[in-house]
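Labels run A, B, C and D following the written order; every chain starts at residue 1.
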Amino acid sequence: MSTTMSNGPADGPGNGPAVSRWEFDAMFERVRTWGRWEPAERGAWNRVGADHVRRAAALVRSGTVVPLGRPWDTTSGPDNRKPALHYMSDLGDVEAPEPSTHKDFVGADYHGKGISHLDALSHVAYRGRLYGGGAARELVGAAGARFGSVAALGPLVTRGVLLDLPAVQGRAWLEPGQAVHAGDVAAAEEALGVEIAEGDAVLLRTGRFRRRRELGPWDADAACAGFHVDAVPLLAERGIALLGGDGDSDVRPSPVEGVHSPVHTLAVAAMGVPLLDNLDVEELAAACAGTDRYDFLLLVSPLNIPGGTGSPVNPVAVL
Amino acid sequence: MSTTMSNGPADGPGNGPAVSRWEFDAMFERVRTWGRWEPAERGAWNRVGADHVRRAAALVRSGTVVPLGRPWDTTSGPDNRKPALHYMSDLGDVEAPEPSTHKDFVGADYHGKGISHLDALSHVAYRGRLYGGGAARELVGAAGARFGSVAALGPLVTRGVLLDLPAVQGRAWLEPGQAVHAGDVAAAEEALGVEIAEGDAVLLRTGRFRRRRELGPWDADAACAGFHVDAVPLLAERGIALLGGDGDSDVRPSPVEGVHSPVHTLAVAAMGVPLLDNLDVEELAAACAGTDRYDFLLLVSPLNIPGGTGSPVNPVAVL
Amino acid sequence: MSTTMSNGPADGPGNGPAVSRWEFDAMFERVRTWGRWEPAERGAWNRVGADHVRRAAALVRSGTVVPLGRPWDTTSGPDNRKPALHYMSDLGDVEAPEPSTHKDFVGADYHGKGISHLDALSHVAYRGRLYGGGAARELVGAAGARFGSVAALGPLVTRGVLLDLPAVQGRAWLEPGQAVHAGDVAAAEEALGVEIAEGDAVLLRTGRFRRRRELGPWDADAACAGFHVDAVPLLAERGIALLGGDGDSDVRPSPVEGVHSPVHTLAVAAMGVPLLDNLDVEELAAACAGTDRYDFLLLVSPLNIPGGTGSPVNPVAVL
Amino acid sequence: MSTTMSNGPADGPGNGPAVSRWEFDAMFERVRTWGRWEPAERGAWNRVGADHVRRAAALVRSGTVVPLGRPWDTTSGPDNRKPALHYMSDLGDVEAPEPSTHKDFVGADYHGKGISHLDALSHVAYRGRLYGGGAARELVGAAGARFGSVAALGPLVTRGVLLDLPAVQGRAWLEPGQAVHAGDVAAAEEALGVEIAEGDAVLLRTGRFRRRRELGPWDADAACAGFHVDAVPLLAERGIALLGGDGDSDVRPSPVEGVHSPVHTLAVAAMGVPLLDNLDVEELAAACAGTDRYDFLLLVSPLNIPGGTGSPVNPVAVL
């Protein structure tokens, strides 16, 4: 893998090639796993059995603990349209001492581009159907999701694999709009010396947060690097349990006609694979590069929200 | 350890013996670790080095994953005075399909008795001073804590030890107001075959949530089982990194004159030990009993909230 | 009107007589005004034209201003299950001085028994239909109400009439569960020397908040004084534009088989009459008694919330 | 008053002339009214007695009711950095029918440029002192303000006067950064045929929301039209009770050295005059122009928030 980096724009073909709705629907059918597992609402999480957990724990070598959650971002901006809330509810002057106590309120409409979060299976419906085929309108209401909630998922402990694309391509980051294809995934596996296996959590680094720190925030709904749908069948074949990274997995603009988030659609609604969005993987990338190992113990522990469509999270990699 | 259980009231001495303010202050001095670590605001979390992490990972045997976070409780009641918020912000009818997406807002003023959460070092001040001696009034303001925030802690990966007191005492639960003393801790270690060591996270089971399920909620501020302060010097001697359980560690009413939360005060403000409150450890207790092992890999990953005094969490035990 | 008061329980027949679903549906048809006004979503508010506003302004005699909004209640309890939120977001230490500024966040899921609020027409549907006949499921979604929102209502300036039932009956308050019937309304008009006219806002005093101050809060969902449905046809005949008071207008328990809030249903869904719930009318009652006049200028100015089903409010009476 | 309008940039001197801190402090002393009224925390609101209320009510001629509150703005942007919250908590599928009910949560950190709101006296401190001279740090804490809260103000019913500067100057709007001086106020009174009197609420129209609708939002913290401090002594002399408009009263950038909001400081902290920020007065301006009368009955009814530093509001003008 190259160690020379350039900040220049991607010289590749951007977010293409374009995919027709017909092709997309065929791909949806191909990767669909409806009916494969019990409980269905845990989806591909069911792939991770006790054996996987034991093997993942055995990956710990150095004992380095790397958090992947972005700071709770209370400032609105082009990539944080619904800023998180954080208010102090006691500054030692509300409840009587001793001791005096400090307390705070936190809140977030966490889906979007600003907050590190997990998408549960109820987050996405395609043609009105959630993963497994149930009608979204019947299964999700003002009280939350009756199928596919984050509480049904619970925590995930498994092997994580980092696909550090900028490292592989000798860049500081992928440019917004640059697609990651099946071939890029395979090339990354080879260059990084890691192979995606059943039950793995795959994390994609596009270098988004390095770029943000150097160049400032941009509208990540309009343009961000991510997977092209042509990479999804490979991930499906490998049997991943979780997908995520520093973007939201989808390259934007979407290459698929009439589908704004096709990787979300395939992963969540067809494959039952939860997603991790907006992780800061810069420190993880440095740690992996430092040990030249791109797999590790990954722990994701969403809040136990009955009916929740996901959760803000702070995933942890242990190397 | 007895397997016969009784639901009868504790026949012991309740929350006593009473402790004078003078005695308490002497105890505070005795267990105080100010100035011992860098960075100071990580407190006893500094005890957990890479070696501890590796040894904790090596505790994984069966690969059983047990979440400890209570369901996000949006219903007010005697033990949930500030109910958590959960609102759906998109039911597939706000953002245009395809796909349609479901989104939600979560919020909580999480300190209190209803929500599983972590107390960071900025949560508690005694005589106006935070852990390390800084003046609370200068260090904590409307923008949050400048010392001892949960973001300074980050995730914890260490060995967890469950002190299942009802199991040891052959009861279904400890009655509200029943104190756990140093002798009870020692007896539990012996009965459960586990020894608390440096860097450990100690979790106390009082059976609170079993009692709640069987008898309904009660005002846990007025009466709950927990540690008497006389147990703290032993825990300090062992060098624990984290303390928690199904209550909030303090027996209530407080046995200490003029101090409503003395174990909070000693643990957080004197020893730099974060606390885990309101964990549901019933499933963990069953898992430990089933394998007759009371130590495990424990993972606590608070949200990365700059200035936060803690975080709602869903800790995970891996057996 | 009597000036001797007793605190004794109502000696009347409580919340009865019982009303069958069939009778209720007939009553619904009788008072229904669907199709009568444009814009339909302002409902009976359309009755209040410029003439009414002028006549209401002319009611001002003493210039006494009486607010009717309860204090924003952040404490959960049997009659405040979803406590309001109030957090300080700046204590002069966030934004740089000079000047220093103090700021705060307020929030509320305001429907219920604790917060003074207005119910817009989208708040209530009967047999799946909003006022005017539209299907609730089509007209109200996660983005709010497309028909009958509080923003469509806007402010109301009209003549207010206080029906001070405890004053009429020589009691300190009506007991929880005591119904106010058509005959009681007519008797109150006569005793108080006031007649309900077209376009009026009718406010019912049951003495709830005097009772609450003297005896403490109780579960007002389970039992509260309010109108029996038999009083509604009289109010409909008079052509009221707004109905409210210190309860939520409905006597509870409901006397109508299978309908938990029959007055809400008739007023909002059949008649297009918005409701004002949980007003503190104690000071208003004293002011009216002091001048022996029970009509006044009433001003209700809900927040301008597009899609909102109502709004927290602080209505004002000017005598 | 001219009816020809130009959209061109102001040809005047922008936000100047510059004012030194020394000059500002002298002005603060000159307009200061500390100690003049009881209760002090109602400040200049005390000027509005029953006589004022009666005279204000007598201003009603046509019976036209004009709301002044902007739509609750949940979209973040350059002039709405802390978007308001609005979530549906029941869509007829949470509480059991009949009837079915729709409910919602509203919330806002309402100070700023996006939400129509009232500033109570506790909102602003200068040199650490609130109106009346009390120390801000002692009087405002996490539980709110113990002096100068919005609950202490209560509702205001008084005569309102609209200063429609763009109409006077024959423009569609004042450009961001254009100051309104004492001479402009006097000229507006003459051109509009209205004189500001004791106890009045003065509303300034700069045309902000017409400009916003035509040109889109801009950063109103960086540049907005408003009063230069040299206009304040005139307003003080007239004895106003309330000041507000479509901006936040202050011209920005501030012309005063080291004081970011000098009109806020003089009005609130020196004179005890609450402020109304971000009102949409376009419809009011049209109504006033249509009747050629620029005074009216004004009603402001803030939520009754104990300890609140202000409130979101929807003020109402009745012509």
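Everything that follows uses one rule, which is that a contact is a pair of C-beta atoms (placed from the backbone, for glycine too) under 8 Å apart; a residue touches a chain by one contact, two chains touch by 3 or more.
Given the structure is predicted, the values throughout are model-derived calculations rather than measurements.
K.L.:
Which contact partners do chain A and chain C have in common?
P.N.:
Shared contacts of chain A and chain C: B, D.
K.L.:
Report same or different for the chain B and chain C interface, where same means the shared residue numbers exceed half of all residue numbers found there.
P.N.:
Interface between chain B and chain C is built from largely the same residues.
K.L.:
Using Cα averages as centroids, what's the distance between chain B and chain D in whole Å?
P.N.:
Here chain B and chain D have centroids separated by 48 Å.
K.L.:
Need the CA-centroid distance for the pair chain B / chain C, whole Å please.
P.N.:
So the centroids are 45 Å from each other.
K.L.:
Just give me the whole-number Å value for how far the CA centre of chain A lies from that of chain B.
P.N.:
29
K.L.:
Which positions in chain A are in touch with at least two other chains?
P.N.:
Correct list: 85, 87-92, 105, 109, 141-142.
K.L.:
Please output the residues of chain B touching chain A within their complex, sorted ascending.
P.N.:
49-54, 57-58, 60-65, 67, 69-72, 85-92, 96-111, 116, 122-128, 136-137, 140-142, 144-145, 151, 154-155, 157, 258-261, 264-265, 269, 297, 299, 301-316, 318
K.L.:
What does chain B use to touch chain C in their complex?
P.N.:
My answer: residues 75-77, 81-83, 85, 87-94, 109, 141-143.
K.L.:
Okay, in this complex, where on chain A does chain C touch?
P.N.:
85, 87-89, 91, 105, 142
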